[in-house]
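Below are two complexes that have subunit A in common, paired first with subunit B and then with subunit C.
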Partner chain A sequence: MSNGRASQRPSALKTGFAPWLFLGVGTILCLLAVDVAPWLKEYPENWVIPLSDGITAAASWFVDNFKWAFRGISWLLNWPMWGVQSVLQWLPWPLTIAFFAIFAHRYGSFRLALFTSLALGYMAVVGYWSESMNTLALVTLSVPLSISIGLALGIVAFKSERTDRVIQPTLDLMQTIPAFAYLIPILFLFGFGPVVGLISSAIFAIPPMVRNTILGLKQVPPAVLESGIMSGCTPRQRFWQVELPTALPQIMIGVNQSTMAALSMVIIAAIIGGFDDIGWEVLSTMRKAQFGNSLLAGMVIALLAMILDRLSWALANQQNVPNRPRDSLISRYKHSFIALAAFIVITILAQLLPAFATYPDAWVFYPADSLNEFVNYIVRNYWSVMESIKNNTLFFIMLPLRNGLSVAINPFTWGFEVTPVMIWGYAIATTLLTLWLYLRKSWRHATGAAVFALFLFFGTTGTPWPVFIGITTLVAYQAGGRRVALFAFFSMAFMLINGLWHPVMLSVYLCGTAVLLSIILGGLIGIWAAHNDTVSSIIRPINDTLQTMPQFVLLIPVLMLFRVGEFSALLAVIAYAIVPPIRYFEHGLRSVPTEIVEAARQMGCTPRQMLFEVKLPLALPVIMLGLNQAIMYGLGMLVIAAMVGTQGLGQQIFLALGKADMGRGIVTGLSMALVAMVADRILQAYSRKRQEALGL
Partner chain B sequence: MGDPASSIVKLACRNIWKVYGDNPGQYFNTNQDHVSDPAATLEKIIQGNHIPAAADVSFDVHEGEIFVIMGLSGSGKSTMVRCLSRLVEPTAGEIILGDIDLLKANDEELIEIRRHKMGMVFQSFGLLPHLSVLDNVAFPLKIQNIGEAERRRKAAEMIELVGLSGREDAFPRQLSGGQQQRVGIARSLAVEPELWFLDEPFSALDPLIRRQMQDEFVRLQTMLHKTIVFITHDFLEALKLADRIAIMKDGQVVQIGTPAEIVLNPATSYVAEFTSDVPLVRVITCGSIMVPATQDLDHSIIARPDTTLEELLPGFSGRVEPIPVVSDDELVGMVTPADVLQALAESEAKASQK
Partner chain C sequence: MSINNMIKQSRRIARAAVLVLGATVLLGTGSIQAADMGAKNEPIKLAMHEWTGQHITTLISGHVLEKMGYEVEFVTAGYLGAGTAIADGNLTASLEVWDNNLGEFFPKLLSAGKLEDLGDVGLDGKEGWIYPAHMSKKCPGLPAWDAFKSCAKKFASAETYPKGRFLEYPADWGDRSTQLIKAEKLDYTPIPAGSEGAMVAELKASVETETPLVMMFWAPHWILANVDVGWVDIPHEQLANSSMLKPRTFKVVWPGTKGKWPAAYEALKSIKITNAIQEPLMDLVDNQGKDAKTVTKAWVDQNEAVWKPWVQAAM
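Now for the complex of A and B:
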């Protein structure tokens, strides 16, 4: 970080310390003035400019005038939807399993076929076959829809620079606005019912497809393009026979990501659509606190996600096998023949034996009750341990970060009262620490410590908003220059003016706490995995599974053990947001150039010095990207976690959804997206800067 | 001189400019065929923050000749070959291929020209990853809508020619670099082009493979007699393969000549830096030092005009009389041991002066 302290300090005032000094003075003035001017702490209600009302009005006008067109689309989509559902329900269950297994074997391996059969078998055994097939029907329809739209948009964006300039920021928005927020307008336009799930998941799954299409087409090597031109391709031939096939592997990755996005959205949509599918099953049992049941149903979702992921991944990575004319017809179409044979045999069997047509109820093994009892047993016996983990985290980490030490410390939590002497002691200690850091390290360390001490004392929600805005804008400016700073400033102003400051701060606090803990825990695991191949090979499939799992499945085990509450939400967010830090820490540390590591070892670095002096500084840009991802994941999970009772933006979105308040939903969703984008821009800019400085 | 190529000009490149920047057209008068004062124009271009990748480049490529453009990275050699194939649009100048004005051809004509008259080999191969070796080679034929049987036959023939028979069903990623470039060569020859562009074809290969491929290339050319524009940054490769070499620096041609001319008479100190380490015996040919035959000669040992001194010298072991130089079964001159010594001494002296 500091390249020669001596050279840095004299010019520190010029290089960015001066604004911090101003801000520090401003902060102190602000804190002193809070008693006389309470608006500094709490943005007054009557200053709120209700943008959402205008949006609601405009949106209702739009809905009233154009609803017929969208309802028409709904009506049209109803038919294929009905068709696919009927087919999947009609197909004898052993036949569906056979088809999946044959497909898995054709494009993947025997192991994949086995896994697919077992996973589908589970769905039949626990008696969720019909629900699973309904969910599958939605995915089967929405994926081709979003893939074709995404591919077309990607091609257009690749061909026309102007379209690209419109599409890229739209994709950014689509991927950062929580899906719940745009469920509201979709509901109004398309009406209720399963088709809404189809449409919203198709929309949600478009962005990854567009991005990968553009990326793939841009990555076609120039020599391949030129060789196409020199072969005398017409522009059309060049595109269809050279560019598109060369880009295909990347495009197939888009198909994989699209499929996963569609599945996770189908399940979210079930929350509002509420028809007879597996997402609804999870949600309704969760609401009734039948956690054993929801775990069994949640497993179905997780398995479905894994099957779709592995299958589309196998499809994306299939090695093109040359078609040899000398191969016999049978060996060329082996899998098709087997599938046909399975079809004939099982259909006939299904006519004779009803057990082949529908999985008999008598064979269902549904251990929900025993699961519930098992959980109860654990909770009963380890109640005190779990309570103490929960309470300690709440009292010593969450409350201070949310409300500040000034509020968090009371006889009930910490066992004593905050006295004025303690406050003065805290202030003096902080000042001394800051001074020491300034003299011994650099102004950056000192500033960081001062800001942290401030937040710790007042909490995210207790810090006066002008101070918060000032600090964030300044950080944005120093990391990314004027444009990032302006973006951050106006984003925060938008939230403030719309009266969302308090929920935003609650979200920032919860997400921030989760990300902080994820970084610490994930960082440690990542460092361990980077130095130990066994750990790495154990961690990797766990990470993969956590990431393929539709987010709200993660809620189930947490709720089983810790019940509804902020602590459960925190754990769920961590479970999802911890994956990127683990991955990026490991990747960053492992990709430090070998010759640098060897040089350091040759100079006699101890393992600890190697880590802290060599590897971590060099891996920092990559780690920052991991942090960025963790924030995105955390915010995404926050909305889901709001279902189990957290406050903040997620809760606001659910309120809007409940009241069908379009304006509020959109403004809140946009605020959430803006929080994500501000964090993203700042971290990306910083990471880029470091990367350039390191010459990587 | 001992130039094996005919004197028919196949490809004429006249005053080609390629300028990169915001408005490169401003430096060129559209009514005029070529720039009247190249040096002044170049000065203006650089002053105006534009980048001249090729500046007033002119040369002729004769039919059946291997014309090598040699230069270091950034010298404009890659831009030049792309101008010749119109992968890059020249800013000004004229390119004549046979009787076609290449820069006036419209898109459809250009596609036709590329389909039938040109072939190109790329440094990074440019193979289509989704097609097998056979389909890659057949690709130029496929896009001309030539029937499957015909294109398989033709492609197989080309694969045989480059010595890859048996690997038809492999995919590019399964091949080594040398093998991939053989596919690239086969593909570029599949349409039997008159004009063959090779853009640093061997630069991405290991030294040993590179030498094999160079020998292979020479073997192919003795069979095919294509008109070739060959780009390289390797001076020794240029000497080995070229009938004539153009040396480029900063977008300009510094010198054009046969390998011997360039080594014996480097035009500038820049060229001399390349030539200084070249063993002269490898470059000087009998054609350049022979004298008219004045006596009856012993034909037990004969030389051709393009025989290098390195190849000739063993012939003088145990022999003092001149060696006859024969071209197309006709006596064209002779070389005496004294001539050889004198030539070496002279050029050595010249080289040390530079």
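Now for the complex of A and C:
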């Protein structure tokens, strides 16, 4: 990249090419200096400033002095918990099913009632009724708790700009710091028992509620507000009787999202225990690597999530339906009468026939052994196929991205040794490609190619840290301006000085690879689903299951097929991170305005042109949101991936847990959140730019 | 004074007399100091962790306490959370704690005096390097140490070639094997397993496919009843250097136990669950699908001779 050529295009320099040139020179200097100054590659251990010790001390002080207050909360929460649990355990199982079905029919449809009954029936049939009811008790308590706190916080944030500025980043932290990272402090604070699970699930479930409340209130049309003022409302009346009801549909979406989030944290409650719930069953079977058993138990959580999801949607949509004309008392309270009748009949039956009170053991159908045998069969017969898939992915995708081609290529993997000639060849080819792109396309393409070639050669773990920080900060600056750049820079500096650079890079590599593959695969599936209703209807329940089934369950067959290692972890992360791309690609493509599609068709677009030139660019903002979610999900899965033996931040969190080191856990969890937040800020800024460019 | 009150009072006097008499008889006849039952009506809460062996130890102990007249509650509790719960007195005891996968959580609480170490469980624990039986075909010299050393290539995988792949404990359980591999300069690459489930899954898969595997493991463990494994003969000196000699299994109680349930405390102290007790029951539960509560109850009913001395020490 000579300066002579660059100066032919002064406009490129103005648009931000110059800093890349400086960075390029800096990178080359850095790479040349690595041999004399090894600190450029590995951040020296004695430069680490152990912030975690200070945090441990502060946290211990806090725990010692304020424990009583939290124990008080814990004690208070125990009562409703105990109450709900006792009621659900006492209710005869057919009665619980009947109540749910009647409710589903009242607010939904006959189909929903049927689905609800079958799903609850499954829990009884496989013999997990009592455990399922304990889990349901936890959720029934944590959801209203999260919803009311979320609503209150949302209203406060909406009314006060200053509070909003504090609340927004707090919400990000609540959603991205893994629960494992703060498990020890909350255990000390709240004491042992289901309440700790309740608290951690609330921490995770509050943010979507707050966000949707704020969004809903902001979307209230000015005309509605004005009519409120005109009719002489006091400010209080205006808020409670005009604004809030108008925002209700959006708030109900928050309720739904909050419910899902609470359920996905059920497993954390089980890790602490104290409470014989279904998550405990999943964990115990995971420990024994019994796939069949853990699948049967995990299905309960997925089904509970689906029931609550469909019911809360039914309730949410109910709000929009105008009150139906009601002719008589009977039809008005039809469902209540049926429920009462069911209560009387089943309670009496339960007294007479014990089978109605508790589901008899003899009726249990538990096909775990056949499922286990099935997995064994697959493992036995497809072992070599799986092995070659794994090795090819490892050698040609994962190792180059982690260690770089310079290390990944060796006689055992690629079949040859890297020679200096090859390195020179690679360097020359890269330079030529970059130049060509610069002349033919734009400086952006050229820089992109150069950066990619650099990472491919050195890998995320082999790239000197000043280069990585420089590139990321510059990307952040050009996407989102000074604030985003400063945030990215200080976040990376935080990880660096805490001595977490290497684990962070391992996580970035694993998560990055998984997200990349998720976007490609998920994007293809999403495009397919957008054009084919059958595919769409098949893929939806699969997505639901992947998202709510405890991730541990998926690990067992993956482990048996692919063994402990990064490939298994990659698959586990993909299984979770692939869902948002599928959903958002489909949603984005389907919501492209029909007039535009029609106009494009009349102009004679081929299907290919239609997809790449019309639909995908228009769907880009939605797709970017999908990308953002894929990153969040991928990072969320890292802790779980550590259970199949990955190194990186996930393992660091387990190490901190094992050492009962509060400070280390918090610092590591915070680093994970910062990785997510930096990626999020850059992507959001970029997406905003694109939206402005498209005039959306 | 009404008649009713008089009757009540005389009953009280009679009861006291019987108690005093009983106590003198006990003191006079037995050389053992009798312990008081204590808060008999408050349940003793025993932690049930994630593995079957611990369930059996806990259930047997619990049923014995029930025979003594105590009320016992079995509470599912994560290994990690149980530490704080016992320190706070929310749980009374965890009756099978292994020092090889404990991390530093329990030790910290123990040294701070927030937990009380009640002595060994009685299990003869073993820790070492295991390999599935089919590996002795590929490396005939096994389990000899020298054969193991020279067979590294037979244990290799794509990621570790030409070195052997060694499956190490999850990182948070400590890295004793890694230390030993480094110290002895063995041609093996240690790979941390991440979780117990991962180790069991590896072993199952290795047996199904007859693929190579060597890993750090411990006994007694239920999987060893299903799978035929060999233990590498690590020379005693090396074992001792890497502190891999023997994992200790011990009982941990809330420090207030002695004051609140003195007799239960004494009984828990003298309970000894050996491999001979635990292993057959573990087999019934994990391999034959029996209910742990039922089989342990049956065991307690049939083996009074075994558990009577534990109780006699206390009462």
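Rule of thumb we're sticking to: the second predicted complex is superposed on the first by the 596 of 696 C-alpha atoms of A that agree within 3 Å, B and C clash if a C-alpha of one lies under 4 Å from a C-alpha of the other, contacts with A are read in each partner's own complex, and residues count from 1 in each chain.
By our rule, a contact is a pair of C-beta atoms (placed from the backbone, for glycine too) under 8 Å apart; a residue touches a chain by one contact, two chains touch by 3 or more.
Since the model is a prediction, treat every value here as computed from it, not as a measurement.
Colleague: Let's test your reading of the overlay: on subunit A, do subunit B and subunit C clash or fit side by side?
Modeller: Superposition result for subunit B and subunit C: fit.
Colleague: If we overlay the two complexes on their shared chain A, which of subunit B and subunit C does A:600 touch? Say first, second, both or neither.
Modeller: neither
Colleague: Now for A:394: first (subunit B), second (subunit C), both, or neither, which partner does it touch?
Modeller: second
Colleague: Which partner chains sit in contact with A:191 here, subunit B, subunit C, both or neither? Use first/second/both/neither.
Modeller: second
Colleague: With the two complexes superposed on chain A, say which partner A:231 touches: subunit B (first), subunit C (second), both, or neither.
Modeller: The answer is first: A:231 touches subunit B but not subunit C.
Colleague: Quick one: subunit B or subunit C, who's touching more of subunit A?
Modeller: C
Colleague: Is A:223 touching anything from subunit B or subunit C once the two structures are fitted on A? First, second, both or neither.
Modeller: Once the two structures are laid over each other on A, A:223 reaches subunit B alone.
Colleague: Once chain A of both complexes is superposed, is A:456 in touch with subunit B (first), subunit C (second), both, or neither?
Modeller: neither
Colleague: After superposing the two complexes, find the smallest distance in angstrom between C-alpha atoms of subunit B and C-alpha atoms of subunit C.
Modeller: So the smallest C-alpha gap separating subunit B from subunit C comes to 47 Å.
Colleague: Just which bits of subunit A does subunit B share with subunit C as contact spots?
Modeller: The answer is that subunit A has no such residue.
Colleague: Which residues of subunit A touch subunit C in the complex?
Modeller: Listed in rising order, the residues are 183, 187-188, 191-193, 196, 270-276, 280, 283-284, 286-289, 376, 379-380, 383, 387, 390-391, 394-395, 412-413, 552, 555-556, 559-561, 563-565, 642-647, 651, 654-655, 657-661.
Colleague: How about subunit C: which of its residues touch subunit A in the complex?
Modeller: Residues in contact with subunit A: 50-51, 75-78, 80-82, 84-85, 88, 90-91, 103-105, 108, 157-159, 161-162, 167, 170-173, 191-198, 200-202, 204-205, 208-209, 211, 222-223, 286.
Colleague: Which part of subunit A faces subunit B closely enough to touch in the complex?
Modeller: Those residues of subunit A that touch subunit B are 221, 223-234, 237, 241-242, 245-246, 248-249, 320, 322, 324.
Colleague: What part of subunit B is in contact with subunit A in the complex they form?
Modeller: Interface residues on subunit B, with respect to subunit A: 82, 85, 87, 111-116, 118-120, 122-132, 139-140, 142-144, 169, 171, 184, 187-188, 191, 197.
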